[in-house]
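Take a look at the structures below.
In the two complexes below, chain A is the common chain; its partner is chain B in one and chain C in the other.
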Partner chain A sequence: MWKEIGDRESGKLRPNSFISRVRSNRASSLQLSNHKEIVSSHRGSINSLQVDLTEGRYLLSGASDASLAIYDIQRATDYEAGGLIAKHKPILIDKQHQNAHKYAISTAIWYPIDTGLFVTGSYDHHIKVWDTNTTQVVMDFKMPGKVYRTAMSSLATSHMLIAAATEDVQVRLCDMASGAFAHTLSGHRDGVMAVEWSNSSEWILMTGGCDGAIRFWDIRRAGCFMVLDQSQSQLGRRPPLLDQSTTKVDFSINTFSARAPQRKVGSGSSSKHSGNNKILKHAKGSAKQRLHPGLLTSQDRATAHYGAVLGLKATEDGMYLLSAGSDSRLRLWDIQSGCNTLVHYEVVRLLSSKAIQLAVTQDSGIVFLPCMTSVKAFDVWSGKSRMTLQGHYENISCCYSNHDQELYTGGNDRQILIWSPPKLMPDDVDELDGRTGQPPAADEDNWSD
Partner chain B sequence: MEWEADDGRTVAVVVGLIEKATNSTKPDLDPRILKSIKSVVRYSDSELRLAVENLMSLMKRDHSQVRYLTLTIIHELFMRSKLFRTLIVENLDQLLTLSVGFRRNQPLPAPPAIASKLRSKAIEFLEKWNTSFGIHYRQLRLGYDYLKNTLRYQFPNLQANAARIQQERRERELRTKEILLKKYDLLKSNISSIKDEVNSIVDEVSECLDILISSKEENVPLDPIDEEDFEDFRNIELRTIRENSLKEADKVQENSENKVVFDALRELYKLLVTKHLVAVQESISVLIRVELSDNRLRDSMLKEFIDIRNHLKLIKKKCEEVGCVLSIPENDEEEDIWEEGTSEPSNISKPVTPNKQNDSPSCSNSKETIANLKVNPNLDPLKSKLLVEAPVMKWGSFLDNWGSNRDHMAHQRGLEVEGHWGRVDYDAVIPANKIAELNVQATVYEEEHKEIPQCRAPLKKGGMCERRDLKVCPFHGPIVARDDDGTPIAQETDVKNLSREELLEQAVKNVRERDKDVIKKREHDKKELKRAKLAKIRGHNDAVLRDAAMASTSVSSAIGELDLGREKDSLAKMLKKKATAKDRLATRLLSRKAIARQVKFGDDDSKYREAFPNQW
Partner chain C sequence: MEISNNSSTSRKRSREEGDSAPESHESDQSLSLEDNLIFSDTMVALRMMRAQFPHIDKVTVEPFILQSQLYSSVKDRTQVDRELESLRREKVLRVFKLNTGQDDHALMFMEDYLNQMKRAVKSMETKKQGVCVVFEWFEVHVIHSKPEPSIGHHELCSLLSIGGKVKDEDISLLINAGLLTRQLIDSDMYWFAIPNIGSVLKGITQGRKELLSLLNRKKYKEMMLALLEKKRLRLSPLDIRFHLRDLLGSGHLKTIQTPSGLVIRAVKN
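Right after this comes the complex of A and B.
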């Protein structure tokens, strides 16, 4: 840490690179935060967590008891134990609210542009758009079935669509501007559990269904343009574009070349692959990809998982997609080629009954996956398990990684836990102590004999 | 290399200690082993880590006893070491799962009694940990919160309870203080009236006493100075006796003249003792206990009351000297009863005693009754000796003419002559020896009451078998003499005392028996062989299994030859369900046969009902 600061000071290290290193360091040293605590007033399992994208300050949570809560995660409402523990209390909307949902809220997301609006979807077949300031519903979409997941594009400049994954086979796009369904995307053969907008294009939508298929849709065109096939694989990472903006790519190449020797090579047939940046892709796949898949029934029946696709998460750079399925597999897909990268993640077992929410760190180095009662952190590129975050007492259904490398997890035990990198400056605490004038009992060895 | 070797040795130490501590069937840890664990772990972090690992693996054992002991070790270390806390807290949910057993798919293992103890202990420990270290460990808070608010476990709530008890005590004290204050106020207002009352009664009593004393002075007492002169040469005992008697004489005797005075005095005395003295005592205690800002008034009142009390006591003493005794009626009655009881046997014994010379009505069970006789030490030695020897007879009419050697008159109605107004035939006489024959006391043989000795074989649950059987206890075999621990005292048959013939006989018998045994042995030899073979195979299997078990736990191999065998047995025994009488009954009753029989009965019944529907 200090060496890096020194390097930065002397100019050896570029600012971006320095930032990303600090970030990845922090992200890989998460532990259960003792100093920050969210007082959850939910009375059911927490299904959805999101911090707003504009300020990074307000955490929105939706729970099974049809309650919604918003927490200010930067300013604590009160302190305990002499300022040692900061407590964050929510503004809660529960069933008593006149516009509240009737059944469990499965998804709650912020409007990506500002914190004035948020969107919730529930098992009572409704998607509601809320005004944050008045806590009133400003728009209500009636869906044909239970809503599993909603998504809004953070890049969108030309549309304001809420993509809704429901029990129904069709994915609907709700237009907030008009209050009507703009699109009805049909192609899945079963309910849709996961939906995610692309991080590279505002028109690309990715959905995962209970039929095990992951479909890519271009909302400007009819039908889906790609169905991911788990048998269609490529080994290793696609080489980054050479003319892409300077530093970040440098860094990613560096990290890649460093990790390459350790990477697991999947199928035995093409086990020897030399050259870090070489694409190994099946020729057939690339040929088919250009065709319209709606016409090709063989490709249309491809599956990404054996069983339902429970969660989707696109990496921040928009190049990769992570998918978790009820076959207890986590897969990394190359969005451009639509190929399975054959990274093996050491997942033990996934909760298979409901949709789960994955999280990826900002530099897409680590993916956090809720596995039953623990959250597992995997290295995205090698699939190695980095950490197992154990703190919940029941199954975890969602996690969200904040931009300041904090991780929020919510589970069936009604708790929202904050996982944060260890505090570098314990002096902070002393200062707090001085302010409140009540030093807490020290945690020290206490040998009597 | 040396470092490594050193490490290896220490590994064996802490792991071995923990293993030893947990491998016991006792309800508590051996404090010595615990202490050595603590001291080992205190000075080495690496060993602490090893201990944590080992303890967590022990928690996974399928035996509640092991888990319980492990948990107590964990608690001891948790309260002391910070590193231990941080390490344990990382896996707290697992620890709680294994100790509280809140997950349905992972219930606590076998001995259910210990399992419930384990659970309650774990909950108690968690609460303790949470109160003392909760603010430093989020995991502790989470675990506590989860068990308390989500699973609704009942925590002992020690801290809150203590606070509540404190609060209650404080309230009680406050209340008593208030009451005292009230009493004090009452006393303050009443003090003059109390004083008046006391004074009046004191006056009355003293008047009564005056009257009595003045009446007493009429009869002149002996001259005390005179006595002292001639008492010098007498011994002290006699002197005291004399003094007592003199004092007795000094006392005013109650007679018809002063009876009225005595009655009044007694009344007053009673009032004094039961009412006024008690009241004064009480008010003194109130004054002592009451807490006031201004103590002067209280002190003066206290002084007054103490004076009053002393005065009252003085008067009471005087009254007692005169002869007033506060007697409660029930007590009197009891005394009466008791006195009657004691006076009776002495009366009875008197007529019996002089009849020693007549031994004709013999008594079979005289010996044992003699001992019971209370011998009055005041009687002369011959009499007492006779008393000891004399038989105790049952009461009967024959006692009327006990020892009389005369002939008896007889008539048609029997032997009674007194109260017979009719004609008396003086020739009809029954001679004395006939009478004696008639009077022979027949007694029913009473079996000598002998205490049947207890079996006193040691029981597993502690204590001795309390069955009383004559020869053989159905559970523990023949009854033999045992010492206090229940181990039989070997009784050697003293060979020396046997006579020669007996020895010969015995020898012949033994030889014959041996021959028989040999024949039997031959018969059984084949069976034995077979059994031996089977046993060998079984033993081999056991050994293999044991080896496998030892090999699978690295710990056990590290310890080597600890005395695992017996302890293991007992630990395993705890898992086995003991067959209680209930179980045995259940097997009998719920066996297939029994049920079938029952069903059959039922069938019969139903058939019968069908055949005769009008008969219930």
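Right after this comes the complex of A and C.
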């Protein structure tokens, strides 16, 4: 470590590679944090966790007892054990609140621009927008079914749309500026469990449904422009250059032709088959009644998983998408070509009744997947399992990693655990000796490992 | 056919020419799973497992390999997936989705599949007392041009009609012969299937359950591999090594290296 700092100082090591090396070292040495703890006062299993995107300071969690909590993860509320363990207490909103949700909260996300607002979605068919400072509901949207996930684009400069994934087959976009629904995206054939905005464009939305399909939507147009098919695969990170040229041709024709040949179910790499299939689709199009070109993809029945799609996560550079399905597979997709990169992550079983939240480190090196009672960390490109983080007593459904290489996981045992790289030096021990040293709470027995 | 059952005593024969070959005639101890667990290459693993496919008394079925067996035999699973994909595209192998579990796939070499298909077609034709030309169309047009495990109704009809006029009864003939199965979720799509392996699939599911319950009943849920290999499963006609590779690959069992050899433990979930 010191040698690397010396190299950086003398110029032997470039600053960017120094930063990425430190970050990946920290991310691969995660363990249950021994200097930070969150005191969770939820009475139900925790369904959603998110740290705000602007400062990385506040953690928002939503639980099944309709309670919400916000934790300040950078400043501890009090210390114990002689100043070694920082405890963070929440600012809580619970069921007694007059406008609170009635049933379980399945998703709670911050407004991406600042921490003044947050959006929650619940199984009581409502999506509420809250003002953080006054803890009041400012907007309420009623959905036709249970809300599984909501998402807002962090890149958006011209719209304030909340994408809502519900058990209804249509994905609805709610406009926060006007309080009305903007439009609906139809194409899925069963409820939608996962929704994510793209990290490269403010107009592109990715949804994963219970029918196993992952669809890409451009919200300025009707219909989806890409459906991911697990049988279309590429061997490696990039599609070979020759194939890229043949598939690109299909892509551009898609935009505004009456006979839009959509992505087909078939081997995507051999060009002779693509010609064959295009003719088939043309013939089919003329035989049926004229459908709007945007809705032709509703007939595309390609599936990305053999079961429901439980969680989606795009890498930070916006080029790859990770999807977890109830067939206990985690797949990595190349967004540009729409192909399965065939990286195999060794997953035995996934909790398939709820949507799960995946987390990826900032340099897209490690993906964290909650598998039953532990979190498995996989190397994104090779699929090997790096670590298994075991600490919860019951099943885990959400995890979130912030830019500080810390991982937060919430599970059915109502606890939020923090996993962080081991602290290098006990620097603040002397200063904090003077603080109140309360007798260690019985909570300490909650540690395992 | 490569899997010939020359020696009546040994149930599986190793394909390796070497000092292990003469021993195999006496007993099947030499083919211990412990020595042959991990292979270097997918193709080598496939050929080895094909040769070791257990011989079942009542049913003659061509050797097939489960994808989970392949995962336990080669270290890098991503490499396995990619090599399978390229083999599938080259039409050396076919992949079939089985209904025995959530993500079960069976791999069969093309020659074996065509032999199995011919056998099924022949038995079908003797039953119906007539030659049905749709099977030929199926083999020539559909199998050779579509390497995927599933096919849509329209595509199937259009590919079959390259041979001649297709009626709905022809598709029912194909389903009755066991070459196609309707998908449960989507009535417009079919899975390709291996005909006449129903009893083997039943053996697979029951054998898995029996092996897992055998280990779960033990105090520490583990057993030495050398001892486990010698057991015979009551409910499954397949060899225990078949089931061991399959369960190791799907993650229900794991191996632990001990000073006295490998130990198999049931993973609790």
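Operating definition for what follows: the second predicted complex is superposed on the first by the 365 of 449 C-alpha atoms of A that agree within 3 Å, B and C clash if a C-alpha of one lies under 4 Å from a C-alpha of the other, contacts with A are read in each partner's own complex, and residues count from 1 in each chain.
Assume contacts are C-beta pairs under 8 Å (C-beta built on N, C-alpha and C of every residue); 3 or more make two chains touch, one makes a residue touch a chain.
Small disclaimer: the values here were computed from a predicted structure and weren't measured.
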Chain B versus chain C as contact partner of A:372, first or second or both or neither: second
Partner chain in contact with A:327 - chain B first, chain C second, else both or neither: second
Touched partner set for A:342, first chain B, second chain C, both or neither: second
First (chain B), second (chain C), both or neither touched by A:391: first
Touched partner set for A:37, first chain B, second chain C, both or neither: first
Partner chain(s) touched by A:22 [first = chain B, second = chain C, both, neither]: neither
Which superposed partner A:235 touches (first chain B, second chain C, both, neither): second
First (chain B), second (chain C), both or neither touched by A:417: first
Touching partner for A:382 - first (chain B), second (chain C), both, neither: second
Overlap of chain C and chain B interfaces on chain A (superposed complexes): none
Residues of chain A that touch chain C when the two form their complex: 211, 231, 233, 235-236, 265-267, 269-270, 273, 277, 280, 284, 301, 306-307, 327-329, 342-344, 346-349, 372, 382-384
Chain C to chain A touching residues, read off their complex: 71, 76-78, 80-82, 85-86, 89, 97, 102-103, 145, 147-150, 152, 154-155, 158, 185-186, 188-189, 250-252, 267, 269
Of chain B, residues touching chain A in the complex: 35, 38-39, 42, 79-83, 85, 90-91, 93-94, 96, 132-133, 135-139, 141-143, 145-146, 150
Residue numbers on chain A that touch chain B, as the complex places them: 32-34, 37, 80-81, 84-85, 373, 390-393, 413-415, 417, 440-441, 443-449
